[in-house]
Amino acid sequence: MSDEQTLDLLEAKIKELRELNETDGIDLSAAIAELEEKLAVLRREMYSNLSEWERVKLARHPERPYTLDYIGMVFTDFYELHGDRLSGDDPAMVTGLARLDGRTVAVIGEQKGRSVEENKQRNFGMPRPQGYRKARRIMRLAERFSFPVITLIDTPGAYPGLAAEENNVGEAIAVNLATMARLRTPIVATVIGEGGSGGAIAIGVADRILMLENAIYSVISPEGAAAILWKDKDKVKEAAAALSLTAPRLHELGVIDAIIPEPLGGAHRNPAQAAAALKDALIRNLNELVPIPTDELVVARYNRYRGIGRYRTLTER
Amino acid sequence: MPIFKDKKYFRVDLEKKLDESLWIRCKSCGQLVFKRRVRENNNICPHCGAYFFLTAKERLESLIDPGTFIDISEPIMDDDPLTFTDTKPYPKRIEEAQEKTGLASAIILGSATVTEIPIVIGVMEFQFIGGSMGSVMGEQICRGMEEAIQRRVPFVLVSSSGGARVQEGIFSLMQMAKVAAVRTRLGDEGIPFISIMTYPTTGGVQASIASLGDVIIAEKGATIGFAGRRVIKDTIAEELPEDFQTDAFALAHGVIDRVVPRESLKEELGKLLSLFAEVA
Amino acid sequence: MPIFKDKKYFRVDLEKKLDESLWIRCKSCGQLVFKRRVRENNNICPHCGAYFFLTAKERLESLIDPGTFIDISEPIMDDDPLTFTDTKPYPKRIEEAQEKTGLASAIILGSATVTEIPIVIGVMEFQFIGGSMGSVMGEQICRGMEEAIQRRVPFVLVSSSGGARVQEGIFSLMQMAKVAAVRTRLGDEGIPFISIMTYPTTGGVQASIASLGDVIIAEKGATIGFAGRRVIKDTIAEELPEDFQTDAFALAHGVIDRVVPRESLKEELGKLLSLFAEVA
Amino acid sequence: MSDEQTLDLLEAKIKELRELNETDGIDLSAAIAELEEKLAVLRREMYSNLSEWERVKLARHPERPYTLDYIGMVFTDFYELHGDRLSGDDPAMVTGLARLDGRTVAVIGEQKGRSVEENKQRNFGMPRPQGYRKARRIMRLAERFSFPVITLIDTPGAYPGLAAEENNVGEAIAVNLATMARLRTPIVATVIGEGGSGGAIAIGVADRILMLENAIYSVISPEGAAAILWKDKDKVKEAAAALSLTAPRLHELGVIDAIIPEPLGGAHRNPAQAAAALKDALIRNLNELVPIPTDELVVARYNRYRGIGRYRTLTER
């Protein structure tokens, strides 16, 4: 039994006792209180010391709020826009205009599905070239009207397949990177779940990069790394640890700017609370970015990316 | 880095030949051929026309005017920001790659001329951890572009890479954004950028700098694409056509401008550069 | 122009109703329905939900706040630069179209408000020679965009057109370039342009101004495309899917942002405009 | 027998007599001279008074030089560039860099095929969306390096078909119009054969619009106009006349800037001569345009298109 399953079981037990308490009039309050305290302790213990792999599982939790869930809770007046104007509309990439704290913003986010049917439609949150190009169109629209761009990253990666290559997915990602690097409006990117490689950074170049506490962001999936580097598909835990893909590690490394706290147990335990924290963080960051003159903003963003990387300097013999 | 203990700052010099063996066997036709003859023939088998693998140095030699290369790379080498270990520690891999290739990193960067036109050129070394792009490659590419702007000469990049340097984690992913950002400055400054895709140009390199050329030339036989056959098969188990991610596939789908046989690559590059010559 | 002899300068006034008949028969369900009830219902059949054809005036009424329309069109009408005659002289066609529609040309242009947000709006009249774009429509669209820039309000264009005004030959073709050129100024000035495609939006109108909206909304049931079924069948005899050039087809292929039922069009437009409101 | 066939017959007869003259030693020079004079008179008569429909046939003449023929004769160092970077490469649209009079230019032209095989490949010179988008990419490339853009128009129209609509051909054309209207480099467009409607103007927005003497440029084909307006497919001659699609008429109407003379009988009678005239005209126009400051050039182009159209002013009652 996983730790989370233990917690679920405890929760269910408490609920059962509560019902008994109410319907049958038997006083179980002492037992309930004891169990609840036990649960709280367990939870704190468990989540204060999550392993990387446990975070990967949380980031991928099927009940975790997805882009459209957050859009519903964080923004008002969301007006979805469709299509890349070139050949298609990709449901794995959701784009539109919305209002946040009275301000019109462009929202761009990767969208997973929950049911089999939905996942077929949303392609498990793996965007196709049409999705990246739709995102780019909306970025340019935002730039034209000085709407800040909010991106929500949640993807296992760009969809790998014949049609994606036939539509030059490499170019779609590359041009997005170049476009975002110089876009003349503020950009705030947040990894809300899985930040999967090229598929994530294709909407992830920003003035501020935020991560939800249990989100992950990585150049390769632990499964991919295990298979390629360890040549052993079972080494996912080792790979997850080695890749430094958690929010705290990435914050330490200076690659992300802030961590948005999640409810104890993960965003899915209390989506409203997670959304409130995300909203707070987005507003705070926009309030800092919007007053900056555009030229300055773009230079600062450029310099951030120009300076990224770690290497050793060799000294002249 | 034991082997480079007393060579902290190493630069590429095309004049020194590392490998002095005389004969080589062609994997395609099985013939034993005289190595110097192969070299003089652009590393193409004189018997069957198959392409031998080119190291970065050999690629450089095959493209530029002899004796014009000057290493302008930053004196840097790969660090290990994540203290990464898989089946072996990352620093060990770097050391082995340096030993094998004689290079400080997976890219050579320098100034040179092609048919007497001055350029800045970067060439990736596939034998250096699959030509993967880590912080050093990202920095050298940016340095190359900045140097091209400074000198007002075209920038030429020869890609040969499987993608990101996974051992550098998020830093390798961020290099995609870094090189793409700096590439935009070439456009502002009117400096041409010729991207040459060779075997293989895939993953994070294809999905960033290599796809952002003003002109993109593929060497005949190049593999070009984002997600490789194996990833696609593992992820969605899709049936793939035989020509998948070949040069012909890339040309048919508008990914590249031209497919050029190795023996014409220098000539074509010169012709193209001369059309840009009055600009830069 | 005999019928307009003493009405050289005619403007659109939504307050005057031309047609006073009381009843209308629905082509979809065959029911005889009370015309005022249909009007009040956005020209949707109260029995079966089918859309009645909307004249440009009716379309305007269905979209804007009542009483807010002011005609700002240029006082111009179609000329006959080629002295064009097919089965009848072009001036005769213009005259008939003017008589039938009560309009000077195939487009209405004015200022108005939508949910109290001021806009400049152009609406094409399909009954005026198929809503085709000749010199007058081109000029009015440009005038509308310039007025929107002047007033710093969004520009909304409701298309209903088969394409170019063939009787004006090369001048009608050139209108495509003309409106596209002026459209670029809206972008420079940060003025939003909402393109609404209705039945039908095809040919030279779809291949110019209608496709250049910052946001493109299609009315449910709209036909959207460049070359129509007949042209395709005549030229290449290709088999076409049933949903060809429908609203759903356009949405699936990324041509438009949304499909909106007629009854929600005004509300959606208002919602969208309010998101742009602080800008313009 | 058509007039052109009569000419061909006369030419063949003269050639025959010449051969007889040489091989058999019979003196036929008087007869030959007489026939030659007759031929010249006939030709002048015929071509000085071509009907619109005859010009349509000349513009579509299967031996007429096509874009690649002119590229070979007018430019040097042509370096073809392929692909739209999005999904395909359209052989009906040829693009590349080349040198003209020592200057690097971008060349964009529609390409018909001559054989059945070639026409299948070139799609009878009807570009697909991929072709227009490739053209746009090359325009932007040209702008980046201040290369003048030379376009050669020769198409029955944009390819009408399912795949074209699926790839939003309307947008492809519309965006090209907008792009060319403001492109920050000189553009010279020449109709070398058929200027077919939206398919033509999609590469036809320019600082100078030239036409070869026997080229046509029209909003609709005479066949299309006959079918739609006359409702009679046989009325092509009437339609051709009514549409004002010839170079002299379009010059009179002020829509094109200059007519490039063709050899007597049409460009196919002497392709080298036609190419020389085209080259002359292009160099002359570029020499005028290149010195103009870019801002001025773009404003002038904008004003040209802003002002195009003919209408009657209504007077206030």
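A few comments on the model shown:
In this document, chain identifiers A, B, C and D correspond to the written order of the chains, with residue numbering beginning at 1 in each.
One rule holds for everything that comes next: contacts are C-beta pairs under 8 Å (C-beta built on N, C-alpha and C of every residue); 3 or more make two chains touch, one makes a residue touch a chain.
Fair warning: this is a prediction, and the values are worked out from it, not measured in the lab.
Taking B-D and A-B together, the pair of chains sharing more C-beta contacts is A-B. Across the assembly, the mean Cα position most removed from that of chain D is the one of A. Averaged C-alpha coordinates put the centre of chain A at 54 Å from the centre of chain D. Note: centroid distance chain A to chain C, computed from Cα atoms, is 42 Å. Taking each chain's centre as the mean of its C-alpha atoms, chain A lies 33 Å from chain B. Contacts with at least two other chains are made by residues 211, 253-255 of chain C. Contacts with at least two other chains are made by residues 85-87, 166-168, 171 of chain A.
With chains as nodes and touching pairs as edges, the resulting graph is of another kind, matching none of line, ring, star or complete.
Touching chain pairs in this entry, ordered by label, are A-B, A-C, A-D, B-D, C-D. Within the complex formed with chain A, the residues of chain B that make contact are 6-10, 75-79, 81-82, 84-87, 104, 134-136, 138-139, 142, 164, 166-178, 180-184, 203-204, 206-212, 225-227, 231-232, 234-236, 238, 240-241, 244-245, 249, 253-255.
The part of chain B that touches chain D in the complex is made up of residues 187, 190, 192, 211, 214-215, 251-258, 271-272, 274-276, 278-279.
Note for the complex: chain A touches chain C at residues 77, 79-89, 97-99, 103-104, 130, 134, 141, 144-146.
By the touch criterion given at the top, residues 158-162, 164-171, 173-175, 177-178, 180-182, 197-198, 200-202, 204-205, 217-220, 224-225, 227-231, 238-239, 242-245, 250, 253, 255, 302, 305-306, 308-317 of chain D touch chain C in their complex.
Of all residues in chain A, only 85-87, 129, 133, 166-168, 171 touch chain D in the complex they form.
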